[in-house]
């Protein structure tokens, strides 16, 4: 566990003070600071890539930042920084008739939901903040925290559009957790362990040992998980809660300034979490595709991050291609298509594992 | 210009020269009438020689009505037929004074005429193309309906005159659903009261705007809720 | 049951088809760029494959400019303007076609017609102008025109003329001081006669 | 389906809303997501067009007609000019007629491009909207090449045109047409047959034939309901009867006839027809002929009235002009196609969900400048 690992390290470094509480607090704060740094860098990276990918798809070249004066960096690299600064220095208005405490609480709640679930994400053999033996179960549980935050945001801003956005989003996230859970159950049936590290070590040994190529039901489970992950992070075919053209901006209508930046950042953090879980469960986490080559700790981090970023790229790609679903179609797809297929998948994998012995 | 027009002008010019000016004035279309008179003037001044009398010409020199019809389709007989049917079905309601292919109808039984126009098998005016109101001066407001039949593809323009003081016309929005909004706009702009309309209120202007803008004697109000209406521009005049 | 699977099949095939189209755009982005990096690449856009260059424009719609030396004060543009955004005041010149030194009035125009009037005020309110170009046709001296395009010899293109204060957008083309100068001149004549 | 009835909520899809195509307020009574009644409020963009026309001369009315339907101002000019020439009995030469048809059809493509793009945007597909705008820019460049302006042209005058087309215009247009045809197929592939868009628009906001006629709906909305009515063919003006093109009508491929999808798909087919017309018009355009030939010095139409209609991208545009012989119109009424399209909104959009109401509004392709005049 990283916390114990740092704690022993500190004890050896300063044997005279070994064992007192400061080291424990320090051991806990260091991973927190590391994660926070990772999140901000990752945030800038993904916002920049979304800008660039969407611009190239739309025959534009996005912010290029030529010209004098304050501009957006060499290839628009500073554009995310500029957005972040703008949002933080903007005046964030709290509507007079809003329910003030809840209004202020909602963005922090949703950011915490996204932030603490990164603890269970394994970046490498040893590089994980907390290797819990219930890893995947923990991530799914924390994922539903976002529902409370969204309803809070929708209700407290006392605005009809926000209420619509909040209700829609609550229904959507809750109902899409079931197909996501079912498709992960299939993976756990194979690896017979909930811990992320053990799932990944089960998939050791090259590309064809990954879970996705294990048996014919796995690709279906992967697709179902990926699409319901899209729904959980309110991404495009399912971005009803903050659909610009209908609900003005859904539950973030009344938010501005730093609070809006928090919502914005937590959406991208959520995206990272779900694609990291997908990469861990189906694409063999930090395992390298070649059986025994390139699997040093540094390379393992590279594999993990590149798989996750590829999945994020697919999410961005889908966002700029596909129109939006209606609320009842959303429910229809979840309850009448994904869950039956998911259950059939469990049944199929069970038969498969028994036959294969 | 089409052949009939030339023949018509030549025939009228000859009649005019023979002193029979009233047939020239009775000619329906003022454009041809003005051309005929101009030609007669020139012939009298001698700068133009006299056209020969055209041989075959239908006896009723009725110009095709101008509502959106091109010259080649012979529509004289259709609009005349419609007028005759209207005259004999509603003798006291309609009068034939209108030229240019439109009908003047008295307002009080307009709703039954409208339903008849729509349901009559040989007419079938099922689409109300355009309804407009106009202030023709001397204390008269007119509401004009351009009707068109998708099935028979013929046109009719019905005009209703109403005094400015009590402008009341029965509403035809039961017959053509679009009349609902057209009549609301005419009420909004000219103040013609459409009796029997389901919710007659202003459609474009704010509900508490005084006066009817498209009337010729309309004076715009000085301020509206404290905002000065005629735009003041400093440093200009 | 069959509809269940055909729905899934059509959904996946059409969405994948759409995604293939968008990914093509991603990789061929360099050729299809439709936007302009504004501060550097300005209008007129560099000749794109539509192949017409700046000079061969028929007509241009941008800011109005009046060449006061040629204006004979005939008020035709003021009458032609649909939104009445031009206001001209003239006063009679003592002799036709003579220069008047102190108000810098030039008697002869470029295509040498002799001026009978001195234009003391020529204001165009650019906030009201609707850029319909109706004022440039009736002008006998062609002294009112829209900058750039075919007129770029007379005046280069200028479409960035926004102002912080709206009253600056009322352009006063008459030479400053002509109004007072003409009044003083008239008073002197009266004094001389009286 | 038995609906659970909570209490009704009045929701203002207010004058300032991303999906109302301009300044329109839809007061919507909803119970949860199901919309029970819609009352549109208009007049936010009312600029007294008809009152202005009673104070300016006939030549000066043309810039005002541009500004009614700012997305297809060439067709607005065309309508006014056809009405005036019929009133004053002016015959324009062949070259002017051909140029006018080419310009009107180019404007139809530009307007339909924007409408299909925005319909996709209303349903959430952002990229096709930008592709449509990119192609529309090419058409705006052609207009800019000819009459200087990109959106409000004041190009067609009573009795002729303001400028002849410049030297490189015909080649540039052919170049544009060759560039444009594969782009329509691309737009169709990514939007029209996309299952999610079909799911969102098929069988939604169905407008049966008789409701369409009774509400005076015209143009692509009427043709999508299966009525084969196009002014260019049925009541042909200018020289449209010389070109052979067919009129696409809704067949209900993906749902019932007259639903949102049909209204959307009819516009894509119409773009292809317009490309055909432009090719024929450019081919048969006479080289000589002065466009200022029959421009009257002073427009003083004889006393009387005229009502003339033309086919704009949004439907029948009618001008009722009453003149009293003076150079200033006595009364000018513009019958706006989008006005009638919006009036049918309450009839066909009641009972659907909130997102469908906006999809139906998008498919009707209304422009508020023309409704409020």
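Going by the order they are written in, the chains are A, B, C and D; count residues from 1 in each one.
The rule is simple: a contact is a pair of C-beta atoms (placed from the backbone, for glycine too) under 8 Å apart; a residue touches a chain by one contact, two chains touch by 3 or more.
A quick note: this is a predicted structure, and the numbers were derived from the prediction, not measured.
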{"item": "Selected pair, greater C-beta contact count between C-D and B-C", "value": "C-D"}
{"item": "Most centrally placed chain, judged by C-alpha centres", "value": "D"}
{"item": "Centre distance in Å when subunit A and subunit B are each reduced to the mean of their C-alpha atoms", "value": "69"}
{"item": "Centroid distance [mean C-alpha coordinates] between subunit C and subunit B, Å", "value": "42"}
{"item": "Whole-Å gap between the CA centroids of subunit B and subunit D", "value": "26"}
{"item": "Sites on subunit C at which at least two other chains make contact", "value": "15, 18, 21-22, 25, 32, 34"}
{"item": "Sequence positions of subunit D contacting 2 or more other chains", "value": "127, 134, 190, 194, 196"}
{"item": "Inter-chain touch pairs (all)", "value": "A-C, A-D, B-C, B-D, C-D"}
{"item": "For the subunit A and subunit D complex, residues of the former touching the latter", "value": "54, 57-60, 160, 164, 236-237, 239-240, 243-246, 248, 320-329"}
{"item": "Subunit B to subunit C touching residues, read off their complex", "value": "233-237"}
{"item": "For the subunit C and subunit A complex, residues of the former touching the latter", "value": "4, 8, 15, 18-19, 21-23, 25-26, 29, 32-35, 37, 39-40"}
{"item": "Subunit C to subunit B touching residues, read off their complex", "value": "87, 123, 125, 167, 170"}
{"item": "Subunit C contact footprint on subunit A (complex, rising order)", "value": "53, 55-61, 64, 66-68, 317-318, 320-322, 337"}
